[in-house]
Every structure is written in structure tokens, then in C-alpha cells.
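Reading through the C-alpha cells given below for one structure.
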Amino acid sequence: MSKAKPRKRHQLRPTTIEPHRTAAAGSVIIRQGDTHVLCTASIASEVPRWLLDPQTGEPKRGWVTAEYNMMPGSTPDRKRRGPDSRGTEIQRLIGRVLRAAVDLDKMPGVAITCDCDVMLADGGTRTASITGAFVALSQAIAAARKAGLIKGNPIKGPVAAVSVGVVDGQIYTDLDYPLDVRAEVDMNVAMNHQGQFIEVQGTGEQGVFSREQLDELLDAATKGIRQLMKVQRKALS
Amino acid sequence: MSKAKPRKRHQLRPTTIEPHRTAAAGSVIIRQGDTHVLCTASIASEVPRWLLDPQTGEPKRGWVTAEYNMMPGSTPDRKRRGPDSRGTEIQRLIGRVLRAAVDLDKMPGVAITCDCDVMLADGGTRTASITGAFVALSQAIAAARKAGLIKGNPIKGPVAAVSVGVVDGQIYTDLDYPLDVRAEVDMNVAMNHQGQFIEVQGTGEQGVFSREQLDELLDAATKGIRQLMKVQRKALS
Amino acid sequence: MSKAKPRKRHQLRPTTIEPHRTAAAGSVIIRQGDTHVLCTASIASEVPRWLLDPQTGEPKRGWVTAEYNMMPGSTPDRKRRGPDSRGTEIQRLIGRVLRAAVDLDKMPGVAITCDCDVMLADGGTRTASITGAFVALSQAIAAARKAGLIKGNPIKGPVAAVSVGVVDGQIYTDLDYPLDVRAEVDMNVAMNHQGQFIEVQGTGEQGVFSREQLDELLDAATKGIRQLMKVQRKALS
Amino acid sequence: MSKAKPRKRHQLRPTTIEPHRTAAAGSVIIRQGDTHVLCTASIASEVPRWLLDPQTGEPKRGWVTAEYNMMPGSTPDRKRRGPDSRGTEIQRLIGRVLRAAVDLDKMPGVAITCDCDVMLADGGTRTASITGAFVALSQAIAAARKAGLIKGNPIKGPVAAVSVGVVDGQIYTDLDYPLDVRAEVDMNVAMNHQGQFIEVQGTGEQGVFSREQLDELLDAATKGIRQLMKVQRKALS
Amino acid sequence: MSKAKPRKRHQLRPTTIEPHRTAAAGSVIIRQGDTHVLCTASIASEVPRWLLDPQTGEPKRGWVTAEYNMMPGSTPDRKRRGPDSRGTEIQRLIGRVLRAAVDLDKMPGVAITCDCDVMLADGGTRTASITGAFVALSQAIAAARKAGLIKGNPIKGPVAAVSVGVVDGQIYTDLDYPLDVRAEVDMNVAMNHQGQFIEVQGTGEQGVFSREQLDELLDAATKGIRQLMKVQRKALS
Amino acid sequence: MSKAKPRKRHQLRPTTIEPHRTAAAGSVIIRQGDTHVLCTASIASEVPRWLLDPQTGEPKRGWVTAEYNMMPGSTPDRKRRGPDSRGTEIQRLIGRVLRAAVDLDKMPGVAITCDCDVMLADGGTRTASITGAFVALSQAIAAARKAGLIKGNPIKGPVAAVSVGVVDGQIYTDLDYPLDVRAEVDMNVAMNHQGQFIEVQGTGEQGVFSREQLDELLDAATKGIRQLMKVQRKALS
């Protein structure tokens, strides 16, 4: 699907995060090569019941969750609608990483859902979703602060994610689909702005990986994420 | 949601149909005021079994179907994912109208699914879906002809649709959401390029309509559709 | 399936609406040729929560809804049980038309469900359902008034529906199944007693229709509905 | 619901089995007091795949199955549509008893579904369903023989069922709903024409029953079933 | 599957009921030949809403329910997970019998779920489930009394169940799978300690049974259950 | 739930893997402290269709998959039956790791399902499932070789898994539930016998982790897995 120019092994695909008009409080399209994801962040108009303290009836904290969806036209073979087990696993990952970016105690009663709808899929959709959704989430939180729903600033700092992997024995950063299908090892890494890990998910279904490779993979991911955070900052400024 | 400038009663909202990059054979975004719909048309990679003649095993005709979906960020109150009865009804309508645009006998064994994903909803999403999906369908059929999947030209001519209605006793064309909620009568009309009707769906849940009003509504729809077909032609040229 | 005697093009099939014993507050079988529908109207024994004003806890208005179902024995090829998209669309139509017959503000807290179970299907099941369900609804409202659940008379007037269509280029009223499968255009029309339209649903999947044909179709429907209302009146007297 | 005249303890409610027009091969309404069930028997138009011998591709035997459904208007509180665990259990029972009435080897490749739709429920719906469905099944088998689908006569003899129970320490036959809710013990018995048992299902959720009571219950059931078989014979002659 | 030594026709398979460590309040494994069932009884940590009196908000009675499940490894052909109609019917039976063992009025607000997970299936799983689940239920009630959730003793006495059947015209007790598949008649009987019946479910899908056979079957069941109650007593002492 | 004696931070809980009688080809219970999992491995009795080469109709390779389930009695608050998103994610992980242990090309046409049913849950159920399921899988493969279904030895070597985590800033191995709920970082690691990684899943929902901590976590996991492989070897010898 992708006609990307020859990239160096650790060169990210060209990445942009641009605002996209929807009715949600936060809304961007992240394009990382031929992977395009619409990320929207919607604030619930009512306080969800389960955020309320059963004793006082007052909300004690907020919540951030995510949904991930491949749109029908995102793949050459039309993707059938509806939840599947892969999507379920991915949206749990996205939700966990986004929650690591915010202090939920500082946004009592505010529930934000980040929807990641993949418009074009060329590998790395889950990591692009994280990187883009953080921006949409930040926009939504800014809107909630403006509207007086949130008092302080619950954002602890940016989070972003990248995929790295081993293909033909070599380490690559930001795998597109052709690389991904050939990869012996596939690893998704999410980090914060202080270079700390939030999630490390390395899988070797078609191979295994040594401690040395793991170290190299983490080095590559760390560098890639640092660059992605620049794109995020630009989008948020 | 919409801050459209004061429109005249029979003035269409500003409408554009632009190609949008996805992996589908046909793909556009139609924007009609603040109603934005991503319309993609995907060609099935295998001949669906039910298109085969049980005797000969050969495909006798083709098929065109549609799916309609409101994306979570399309409404200020986040739209929950998943099928609902309104969507089911709408996608059956879209499918019927699109099939009226093609000669299914001229595309044996080719099944095309038109997906209409509403990115921003401000009224008239079903009619915008039809108008946009016809363009995506045309692109997909052109691609199928290029690939040799279809020999002749199965397209009989363009189809487009518009909503008209009665608000405060007056006839309006192309209702946005604020008009729609106030409308006594709501009518969706789909026509072909010869000014013939494919679908007329008039509903008076909050009112009823006389034969005279029906005539006026159809006049307004006919004019509106003629203009929308110009936008389609421009998009396809 | 049908052995109807040769009918004239605008002659209704023989139609009767007779009471049928069930446990519901209203209950009739409408027979329109070989289309037989059991229509029952059940009053909810508790006020549904969503009819209550969240502030006062008092019900502000009532509700009327419909369910449509083809029974397994209604077709020569046994109809499998369970909801399908066609049925969903039909029951939404029936509900809208029935609600146009009543002033929901005059029946606060009363929710009535009209069930239309097709016992024998020979075309025109949705319009027969509307015509029959109005009678069952009227019976249920009369029972609710007697029981003191409703004070005044919420019924604005009768509603009925008929199908009309174009077969071999000619206009027909009240299509049975053999006509329906050959029809180029199929239109369902629901009207009130003042000759005003509630719903007009014209579909030309196998053809299109001109403005002239549309006019003729509406004329035929208007006449057919007038006759059906006589049958309704007889059933209710 | 029921205003039955005072019955003797072992007197059956007035029972009729009458043909009812549907599109199914067999179709009756059984009325046992205020319990009314529409029983239809539909012959599958294609040989179900699982009835075929995987080696030869030829059908070896036939099949009879049942579905049980309470219609929405069958109870004063509207019965919601859709399968439930009680209905599942009942339709398994009906199917087993009906299969005991036929020699499945004598109807190779023929699959018959008996649908029991309760139109009015006043106790004993599952036993009335069995008694009525046998008649519909017989009609369908006669039709299949006439059509040449079945060669010999697969019917071994009639089957019928009745409920018996213990209420206030006394044995009753053919319990209506008011008796049923007060019953300590509830027993459903299905027999063939030779007085042999096909199913005995005795339940003492609100009580237990002694061997003596069990004997009395079976005596009562045997007598009741003999009378029901007279009604069946009359319906089939 | 089973290599049981030749048993006499009315000899029970070797039966043991042993405690098994889980987190539930009651937990045993019953082994009856090669039928092994894990029975656990869990006390709901909150009072279920439907046990509360709508007026006072106080619980009036308790509840006991059951779930039955075949584990994937219980059969040589792996059993697929998920509910099926056979399991639904069985768990309703188990629940009814267990409720006959307790006075629900004496355990207000306490809801106990008895889970019967078949680890190895060689016939008679439903009756073994009943016999084992009574022991787990007794353990759970003892725990609830100790914890002060229940004041008096709600247990009326033991309940147990056994299968009996007719194979090649002869009566057998405690059918294993090889006998079960050959059985003309299959009967499950549940009794209390006073020799009274709680449930009698006799089915003759591949045959019918006379009154004499029914009497013999009940005699055999009565004897079998008496022995099973000894095993229960031992397990509870 | 657990009253484990004070463990050192990197001391595994007492772990045993014992055969357990079921009808599956492989079957063990792994007990790791108070986490007990029944692992069974079932060989499909028919070659699944999707393992066949569409051209030749011959199977080209085999398949190993896993299902994970918490039994109702595994937790003090009864676990409701049925799939959930957490379980879906876990069984995908187990399946991937087990497939890394075998050469699927060496077992053409053989499909094995490994079921992991948690009988008692005290943290680390997914890693215990992996460690135990490998033993059950090995038993099943041995059985398949004995039965001639598999020619060579598809097992590449053992795989096992352990959880490690950061609690109060300190690294722990094999977290039980009380540790798990307090953990800032939770990591599951699966390795092969050569000390290579198959899966590394580190999550910091309640915290983040530095590169140094990640290194320590991996060291701890490596040591723990080596010990677990000794338990596996003993179980398989």
C-alpha cells in the first residue's frame, strides 16, 4: 500500500498532527507515513454514575478511556465493522497510557473518551493512536478548563509511543506494514517526557529476542519518541 | 453547533466533494455546511458466494450495498459505537438509491460496499451520504473497469439526494440540525439525472402535510438535487 | 400463495378488521386478502422511567411505540424468528404513524406498545399493520380512559395506510405479493382522516418514477385509504 | 384473566383444536380454556445439510423440531419478545415428545419445524402446545406424503400432554394459571396412544411429593390425555 | 472413556465428595465414577436489589441459584465454551432442587450461587451436580451463619439425585455415558431425606415406558439416592 | 486471600505442576502459591478447514491456540461467567507464547487448544497459565505423536513466564494479589530455555519506570523463569 521513499532504519516516517473539525472537544488527524488516525476526545455531558462516591454522591476523580477502531476503508480488503479481540487489546493499551499522562484526582467528575479511528492503516496504528490521542486529550482538557469543568491542570506531561522491531536480524524504528509482516520481533513502547517507560510490549511470535536486542530496541524507541514529542508540541502550540 | 450565515429558504448549504486518501477504491469527503461524511467504496476481493449461479458456479450479476455510521465525535454528545435501528434504516435507503444508479447485470461478480461514516453531523447526513457515496462508487467502478473486473459501463447516470421540510409552515431546502428539530415535516428525496424519483420519504411525526405542501416540497427537492449534481460532476471530472 | 379473484387495478382486496381475544387491552386481526395481521395494543403496567420529568418525578406525556414481526408460518418458506433490518425499519414507520394519531400530551405517563404479528403474508403487511394497529390502539386508549389512566381523549383522528405501485407501467392500489415482486415502483402512504399525509415512502429500486406517476400514485392511495377508514370505523363502532 | 366456571378437580377445560389459515403445511389453533396456542408445522424447502450422509450425500433420516414462543399480547403484562431460558427448556421438551410420535427413518431428508406461538396464556401452555402441535405435524406429514416427499407413513401414533398438580394437598388435572401459582407440585406428562409415557416432568419447587401422590398424579394425567386424544382425532378426521 | 469394572445393574459407581480449595464459601469435587464435578457455592457480597422489599427497602427472603458448565477438557472432543440450551435447562433443574432444600425465608438478603463445573463427563453430570452442590451449599450456609449473615438454620434437610434408565429393556441405576447413549428411557430423580420427590424427569426419546417400568425406575432411584446421602453426610461431618 | 509466609522479594511462591485427570490429551494443575490453574490441551478431532491448503486440500501446518477463563469460585467475589476484554487480551498472550515453543510446520493438520481455567486467583494467573499450559501442550503433543498424528518432534523447547513488578519503589518477583494491587509497575515476561525473550509486557498505569528499573525487572524475571523451568522439567519427566 505504501510507496514510502527508502527510509533509514531509524528514521521515522514523516509525521504530522493536524486539527480536524468534528463536534468533539479535541480532534486531530495524525499522519505517520501512510498510517492516518482520526483522534477525537469527547467530554461526557453527564458525570458517569460510577465516578460518584456512593456515600457523598460527589465525584472524587475523573476518568480517561479509549476506543480503537479500524474504519472499513482503512485496508485494501475492506475491514468489517464491529469489535474484535485485537481491537479490544489495543484500546485497553491506549487507555492505560493516556491515563498515565493525567492526574485523575485533579479532574473530579470529568470523563473523557478518546476515540482513535484508523482512516488508513500502514503499520503502527496503535502507537500513532497514542501519540495523536494525547494531543486530542490535551485539547479536550483545555476546553474543560475553559468551561470551568476542571480547575487546575491535570496533565502531568506528554506521552507518546512508537513501534520498533527486528527485521532480518536488524533493528528498525517505526515499522510500516511491509516491515511489520516480515518482523521477527515487534515492540510497542510508550514513554513520558522524562524518558520513563509507561508501557513496553515486545512480542516475538515469529522469533525470540535476546537481552542485547531488547536494549537496542529500547534505545531506538527512546529516540523515536523524543522526535514524536516535538511533533506533539508543535501541534499543541 | 453550526454557525452558518443566514441562508435563504431554498439555498443549499455550501457543498464540496473532495477526494480523501484511504485504501478503498473510491473515497471522498462530502461537506454540506457542517455535515461532513467520509464516503468510501470498497470492492470485495473475492466474489461473494451468493452472487454465483448455483448451477454454473458463474457470477450472473453484481451488487452494491451501503453501510452508514455516525462516528463518535460527530455529535457534541459523543455518539456510542455500534448499530442502531436508525442507522439500519438509513443504510438500507442509501443502498437502494445507489443500486438504482447502476446496471448490476453489467458488473457480474463484482460486489461494492459503500461506507458512509459521518464525521460531523448537522442535519441531512443521509442525503449527503447518498450524494457523496455516488461519487465514491463511480471512482470504484472506474477502478474496477481499469483492473478489468468490469467490462462495459454499469453506471446509468448520477443519483443524488436532498432533504426538504416544513418549518413553521414554510418550505425549506437542505435542513440543518436546528431547522430539522423544529420541522413539522421532513422529507428526503433521491433523484436521477433525468429528474425522476428514486426515493421519496416524507414523514410528519410532528405534523401532517397537504397535497399542496407535498408538491412544493418536491419542487424544492428537484431544484436542490440539480445543484448537487453539479457538485458531483465537478468532483468526478 | 394468493388465489385472489381478478381485481381491478384500484380495487382493494376484501378487508376486515375483527376483534381477537388476547390478554392485551386492544386486539384485532386485520385481513386484507391473504395478508392477515394480529394487532395488539398493550398498556405498560408501570410508568416507564424515561416518561418522568427528572425534576418533578411526574410524567409529562405518554408514548406509543410499535413492534412488527413475521410469524414463522406466515410464509411458505418458514420465516426464521428474530429481528432483522427490514422489520426494524417497518416498526419504526408504524410507530411514527400511530403517534401522529394521538396527542401524547393528553396521556401523561401512559405507554402503549402496538404489536403487529403477521400471521399470513401476501404483500402490504406494513400498511395493513398500520390500519389494524390504529384500531387496537383505539381500543387500548378506550380501556385506559375507562380505567382512569387517561382523562380526556388523546385521539386526534384515525390514521390508515395503503400500498400503491407501478407494475408494467401501470398504477395499482393495494399490491399483493405477486404484484409486489413485479413492481417497478412501490409506495406506502399513510394519511389521516382529513386527507393529509403522515408518511409517503416511495421506492424505485427496480425503476424510477416521474412526477406524473407520483401524482397518480398519491391519488390512488388517497382513495384507497378513504375506503380503509370505513372498515376501521365499522370495527370501532 | 380467566373467568372459567367452577370445574371439578379432574375435569379438563373445554378444549378445541381448529384449523387456522397460515402459509405453513400444518396449522391449527388449540384452545384449552383461556390458553390459546397457534401451532404451525413448516416443511423445510431444502434438505438441511446435517441430514445428509457425509459419505453418500444422501439423506438417511428426517427430523422434527419445535420452537415455543409467548406472543406479546398473551399476558396482561406485555411479554417482551425474544428467547428466554424458560422457553428454551419448553421447546426442547416439545421437540422430544413430537419426535417420539414419528419414525424419523421413514421420512429421509424431510425436516419439519413445529412452531407453538402462545396467543393467550392461562396455564398449561407447554402441554397444550404438544397436543396441538401433534395435529399440525400430522397435517404437514400428510401434505409431504401427498407431495411425494415422504413415501410411507412415519407417524407411529398420536401423542398428547397434560399438566397435573397438587394444590392445597389435592390432586388437580389441567391447571389454569390461578391454580398453577398456588400449586405445591406441578407435573407435565406426555403419553402415546398406548398409554405409555414419553415424558414425565414433575417439579416440587414449593413442596415435595410422596410416591402415593405421584401415583395419583399419573392416574389423573392418563385419564386427561385420553380425553385430549379424542379432541385430536376429531381435528384430524 | 470409562474403564469401570463390570457393575451390577443397580450398583452405584464409586462416589466421593471431597473438599477442594477455591475462594468460594463452599467448594467440593464430587467424583462418581468418571464423572467429576467441581461444585462451588458463592455468597453474594451485596444484597441483590430484587431481594429487597420495594416498600421498606429491607430484604424479605434469600435466594439460591445454580449455574452448570461443561469445562472444555471434560469430553474427548473439546467442549466449546459458552451457554447452550442443554446447559440452560440443566441449571434451572439444579437450582429448583437446591431451593427445595432450604427455607429461603430464613436467610433474608443472602443470595448464594452454586456453580457446577464438570471437569470430566461420563454420564449423570446433572445428578452428580445436584448431589455435590448440596454439600457446597451447606458449607456456604455454615459460613454465612458463622459470619452472622444468617441467624437460624435454613437447611430443611439433604437433597440428592441420581439417574436411572432402561437399557435393552432392563432397568439400570447411575448410567454412565456408554449406557446412557444406548438407553431407551432416561430418568433423573431428585429426592429429600424423607424419601419424597422433588423432581422426576423421565424422557423416552428413543422409546416409551410403561407404568410398571416407571415404578421400577422410581424404586431404583430411591435406593440409589439413599446411598448417595450417606456419601453427603460423610462429606459434611 | 492468601496467607503466604513472608517471602523474600525475589523468592518464587511454592510452585507445583501436577497431572489432573480430564478427557483432554494433556491436563495439569499448576499451583503457584494460592494461584491454581487447570491447564488442559485438547487435540481437535477433525482438521480445521482453515489449516488446509485451498489448492491441494492438504494441511500445510498446525496451530496452537489458548483460552483463558476465571472460574466463578476463583475469587472471593464470585466471578461472573463469560468473556471479557481482560480475558481476551490474556488468551491472545498465552497463545502467542505457546506458539513460540513449537514448530507449527512440523505438526501439519493438528490443531491444539490449551484451556487455562483459573480455579483460585491470587495474582499472576496469566503467567502461571503459560507455565502450566506448556506442560499440558507437551503432553498433548506426546499423545499426538504416539497416535501417529505427528511424525517428528515439533517442540523447540520449553517456555515459561513470570510476573515481576515495582512495589513501593522496590523490585519484586512473582507478585501475589496483595502485592499486585499496590504495584506501581507490573511486568509479565515469557522466555524460552535459552534465556531469550518471547514476550515482555510492562505496564505502569499507576507509575512509570526508568531504564534502570526495567533492567532490574528483566534480571529478576530471568532468574524466576529459570526456576519455573525446573518445575516444568520435573512435571514432564
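So that you can tell them apart, the chains are marked A, B, C, D, E and F in the order they are listed, and the count of residues begins at 1 in each.
Everything that follows uses one rule, which is that contacts are C-beta pairs under 8 Å (C-beta built on N, C-alpha and C of every residue); 3 or more make two chains touch, one makes a residue touch a chain.
The structure presented is a predicted model; accordingly, all values stated were derived computationally and were not measured.
Of all chains in the assembly, none touches chain A and also chain F. Bringing chain E onto chain F by least-squares fit of CA atoms involves turning it by 180°, to the nearest 5. Taking each chain's centre as the mean of its C-alpha atoms, chain D lies 50 Å from chain F. In chain D, no residue reaches two or more other chains under the touch definition. Every residue of chain D that touches chain C in the complex is listed here, in rising order: 1, 20-24, 27, 36, 38, 40, 42, 44-45, 67, 69, 71-78, 81-82, 113, 115, 117, 119-121.
Interface residues of chain F, counted against chain A in their complex, comprise 85-86, 88-89, 92, 96, 99-100, 187, 192, 194-205, 208-211, 214, 218.
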